[in-house]
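Naming follows writing order (A, B, C and D), and every chain is counted from residue 1.
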Amino acid sequence: MKPWKQRLILWGMAVLLAVGWLWMPAGADSARAEEPYKVGAVFSVTGGASFLGEPEKKTAEMIVEEINKNGGVDGHPLELILYDDETEPSKANLHVKRLIKRDKVPVIIGPTTSGNSLAVVSIAEQSKVPLISCAASYKIVTPVEERHWVFKVAGSDSHVVGRLYEYMKAKGISKVGIMTSSTGFGASGREELQRLAPEYSMELVADETYGPKETDLTAQLTRIREAKPDAIVNWSVGPTQILAVKNWRDLGMGDIPLFQSHGFGSRKNLELAGEAAEGVMLALAKVNVGPLLADDDPQKKVIMEYTGAYEERYKEPISSFGGHAWDSLHLAVAALDAVGPDPAKIRDFLENTKGFVGQHGVFNFSAEDHNGLSKDDLAMVVVKDGDWALAE
Amino acid sequence: MNRSSIPDGEVLNSMEDSDPILTLEGVGMTFGGVTALRDVAHEVPAGIIQAVIGPNGAGKTTLFHCISGMLQPTSGRVLFQGRPITGLPPHRIACRGVSRTFQHVALFKAMTVLENVMVGRHPRSRSGFWAAGLRLPGMRREEKRIREKASEILDLVGLADAAPLAAGTLPLGKQKILEVARALATDPRLLLLDEPAGGLNMNETEELGELIRRICSDGTTVMLVEHDMNLVMEISHRVLVLHYGERLASGSPGEIKDHPDVVEAYLGGG
Amino acid sequence: MSPADRRLFFLAVLFLAVFPQAVSSFDAVSHYVDIMVFVGIYSLVTLGLCMLMGYAGQISLAQAAFFGVGAYSSGILTVHLGWNPWAAMVAGAVVAALLAWAVGIPALRLKGHYLAMATLGFGVIVHIVFKEEGEWTGGPSGLVGIPPLTAGGWELYREIHWYYLVWGTVLVALLFCFHVIRSRVGRALMAIHEEEKAAEAMGVPTARYKVQVFVLSGVFAAVAGSFYCHYVGFLDPNSFDLMWSIRFVLMVMVGGMQSLWGALLGTALLIFAGNEWLHVFAEYEILIYGAILLGVVLFLPSGLVSLFSTHRFSRKSPGRAREPAPEE
Amino acid sequence: MGARCRRDALPGLVPCAAARALGNVHGALPLGTSRASGVFTGVPPEEARRGGLKLEAAFLQYTFSGLTIGAIYALVALGYNIIYNVTEVINFAQGEFVMLGGLFAVFFAGSLGFPLWLGFPAAVAVVALVGLAMERFVLRNARNATVLSFIIITIAFSILLKGTAMFAWGKDPYTLPAFTSGKPFFVGGAAIQPQALWVLGIGGLVVAGLSLFFHRSMYGKAMLACADNPAAARMMGIPVKRMVLLSFVLSAAIGAVAGGVITPISLMEYDRGALLGLKGFGAAVLGGLGQFPGALVAGLFLGLTESFCAGYLSSGYKDAVALILLLMALFFKPEGLFGSREAASLKRF
């Protein structure tokens, strides 16, 4: 390499580094006239769980804008410091530390996924900063003695499974074949499906797992058919949940009802699965089916408002995951409004919050329950004429 | 072809009483139907310079590969100092005391001249990963000895000045010499030189001839594949002629020069 | 270790020692210490890979698997069997060494593309095992409840402790590698890289050395994995997938695989880029990775270190990295 | 709504108890070994027959789905072989061609509304252009690159393709209508989708076309000559550069064909390429790298093995099976199950 070329590249890099340094957001020490209230957020905006993290980010940004337009929180502007963990635990770990150390936020919402949430709960505990996770795993808030500072707003898979089993039991179903993907989502569903089966006197006659990149599920479905179940439960996200529906239909198994996880609850999935999805059932958070709710439903109003604002602003249908961001951010804001930016007081406020009406249900937190939801916050939904319809 | 036209056994016995350092017993090599060597039998007495000549494609390099373990002969066996070495991997054969150079220079081009020769000391040293990584005292002493020995050899071949240069930057003639130096560093009992004079000018060839003589007089048996007939005739004690993979003749340079089969093979087979 | 490398080494020690103090006085970069812990952990992996790729000339697309073996060994032994974390770390290194040895013997007989595919396939298989053996590994949901590392009675919970522990280990490993390189073994490795046949003819047991350096890289990765396990406190199979193996190769190549300093530089650059600077690009990150990789291979095959004075950074005389020296 | 569910979606909630019991017997048995259910005493013969038929149906089902995906693996393997034969380079981006083929087919036939007979070839053509660009603008610039560099370059290119696809199409999966509509039909109790026949048919056509090309046409013969001895080929006046270019175009096109035909069955999204590529490589190695008939047989074999593994052993380890086969082949028989050791020893490994 010629010396002048070397020097050119070295200088170029030096300039880039300098620009990168200057670009960095100003530190926490920059004083302002109106001290803003900060909320930290870590969402998986990119990477494997971006389909969850992106609506969360959009929702959070929309809410912050709305609040600031209406005079902020208790007179203070609201500042959202949002980092993308790219669906990687190590990055979630780093970002939460950064939010606490550098940005000195009094409360954090997120991370998006169960894995990343579990990777950061210990930091929240040690740093004594409340964390409101948007992920589902019950492990995030159990055992509650070791999760003093951690809350979550996503319903547990046990709620969804409980709702499904309850419905099946009412329909006289007792033998169930389950198929789950080997992802965190699928594995957690499988665990709950197995754990709760005896409670609802369900017999699991088949238990299949498959990779998230599976291109064909006929083998798994054939095996399940061999076991002669009364119903099938598929628990996955991404293309495999479409494949499950298509292959179920292609194999002529329409006489064995297919239940999907709540992961199926997006309109995109309905389009992809097309006619094959007719009759598929699932338990969904009410935020997904706002227009179908009875007018006296306590959640109807907040859901319709959120749905309207989001769809107008982003020109795309809402997803239930954005609802988690709505719930967590509004909880954080409620706390800030009530007690100010003091981590310990925010934590106490959250733990004592009752009857908070959110997108995913009516939250009733307590010292024993840092989730605050139950299976009754879910609605049983069936696919009818290419759209959702309430079952019963 | 009549392969016993020269009764070399007698000649050998009259010349050398010692056991042969290398014995080839019916060595044959085929590559997917093509025969490169057929039933070659030969003995190399210790302490001599043995040339192997023959037209292109006669199987000379293949023979070297078979001796040094780069190729496994498809039939027959090779004995070194009376013990079979067929089937041993090349590095084990090198440890036994057979070293070689390559027809197409195969130096470690990015390493320095000195380092190249130091690699050659590998079979005569022992410290492994742990000793090296932890810099144990034994390893440091050994490292010093390796360096000294390598410098000594570079002195011997006249490359001492080039020691810190990258091997790939040397002119071809020096690279050829460096290959010999690297091979010498293994303390070989038998040194196989594959066309060492290829690409060298007259002066360099002469120096090389001197070097080979010196190596031989220091007690190392040298086997040499070479096209430069002047060099071969000048320095070698015995000559083996291969033709289409078969042993055509063997004898002293004088005998070979006048041998009718050899003359015919060279003129006819070119 | 050459005098230049020794000077650099002392500079590096000095820099690393004052780095935490230096950044902690600025709020805007105070979290750089946390990032540096990750840089240190991944540097252990890339140092091993650099020995394997840059010096012995053998590619491996399975380093994330060894990293994962170390991490999961630590995780499983401490969570399920209640082992002492340090004992688990040693066990993880032993398991990785055995695995590298068992896979290395047949795999390293292969060359080039075949070796790449074989290691890639092995890495993917290990990843599948992490996902499927849920009873032990926690499966795709991940392994939780990993205890923190304790040293002499007190817990390692502050970043600064981790920083010194990890970087201390990296420096020891770096020293070890430098010593190996400047020895009989190192010369043999480089000889294998350059002319395997000739090395073999000079008495170098090439197969054994290749397996040994593969084992070395596996052990380094496993120790790094153990650190990762206790530092993050949570294991997710996706932290050990193919993309990470490719990233490790990328780190080594960007820095310059012919130099151990290059491995450190590449690791630091890519980790900082991924966590700090590339955020601007968010979704574009994958494209940028591909472009960097392509650009480096096409235009800067000896990596960033080749931009600096060649005498100081690159190994004694790295073929393509250096202009031919004038003949005597 | 509830009424609808009860009537349509949940019929047969009270099947005959005996059948259920039988179902459980079979559920608990290792399915692959108990075709003859009659051996169990106390099982009524009629039920036994039904059970036996079921097992047969399952076996057939696994066979069909195995053959379908196997055909795709075989096509991917052919792609590897073509490039390898001419350049001795393994193209790690081969799987991405499949992904691109599928997504471009969706783009042309779905988004632009082309008729399928036009959209599908258009997709193949575009991907072939991508292959051309890869060779012409990237690989050709790396003239003195080492094997290692080639590996990294093709990996880097695959990352770029994947990233670009993520931008163009996002992360959602896409589907394509089947080439011919129609309900699946049943053979021996196993369901066959019409699209599976298209996969096998088009796969067969590609193989036949390729063998004609390589053994009858001048171009094909010239390409094979380059593979045997590039120097000699150059001396004989064969434009080796153009042949290398052609090999990338051809191989990208074949990958695209595979992607286009499989998308109606398995959907397609941006990150599907790597695994398909890896398994296709497995088929190529099993069949003996560079061997066309070998790739075909090995691809189908791999598909069947996977399918049976998912059916009879463990669906979670299904992906691992193909890779273990690949490793076994690489470690113990690198010349492939159908290649000869001698031919392989002449190749540059």
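Just so it is clear, contacts are C-beta pairs under 8 Å (C-beta built on N, C-alpha and C of every residue); 3 or more make two chains touch, one makes a residue touch a chain.
Being a predicted model, the structure only gives us computed values, none of them experimental.
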> How many hops, at fewest, get you from chain A to chain B via touching chains?
Replying inline: 2
>> Quick check on this structure: which chain has its C-alpha centroid closest to the centroid of all protein C-alpha atoms?
In response: C
>> Let me check something: if the centre of a chain is the mean of its CA atoms, which chain is farthest from chain D?
In response: B
> With chain centres defined as C-alpha means, what is the inter-centre distance between chain B and chain D in Å?
Replying inline: 52
> Where the CA atoms of chain A average out and where those of chain D average out, how many Å apart are those spots?
Replying inline: 34
>> Between chain A and chain C, what distance separates the C-alpha centroids? Give it in angstrom.
In response: 34
>> Could you pull out the residues of chain D that touch at least 2 other chains?
In response: 316, 319
>> Could you pull out the residues of chain C that touch at least 2 other chains?
In response: 128, 131-132, 283
> What are the residue numbers in chain A that touch two or more other chains?
Replying inline: 50, 182, 209, 211
> Can you name the residues of chain C that touch chain D in the complex?
Replying inline: 53, 57, 59, 106-107, 109-114, 116-118, 120-122, 124-125, 128-129, 131-132, 242, 246, 249, 253, 283-284, 286-287, 289-291, 293-294, 297-298, 301
> Touching chain C in the complex: which residues of chain D?
Replying inline: 89-90, 92, 138, 141-142, 145, 147-153, 155-160, 162-164, 166-167, 274, 278, 281-282, 285, 314, 316-317, 319-320, 323-324, 326-327, 330-332, 334, 348-349
> Inside the complex, what are the residues of chain D that reach chain A?
Replying inline: 1-2, 4-6, 8-15, 19-20, 23-24, 26-27, 31, 54-55, 57-58, 61-62, 64-65, 68-69, 171-175, 184, 186, 191, 193, 262, 265-267, 269, 271-272, 275-276, 307, 310-311, 315-316, 318-319
> Which of the residues in chain C end up touching chain A in this complex?
Replying inline: 26-31, 34-35, 38, 128, 131-132, 134, 139-142, 144, 157, 159, 228, 232-236, 238-239, 274-277, 279-280, 282-283, 285, 306-308, 323
> What residues of chain A sit close enough to touch chain D in their complex?
Replying inline: 50-51, 171-173, 175, 182, 205-206, 208-211, 213-216, 218-220, 222-223, 225-228, 230-231, 238-239, 242-243, 250-252, 255, 257, 268, 272, 274, 279, 281, 382, 384, 389-392
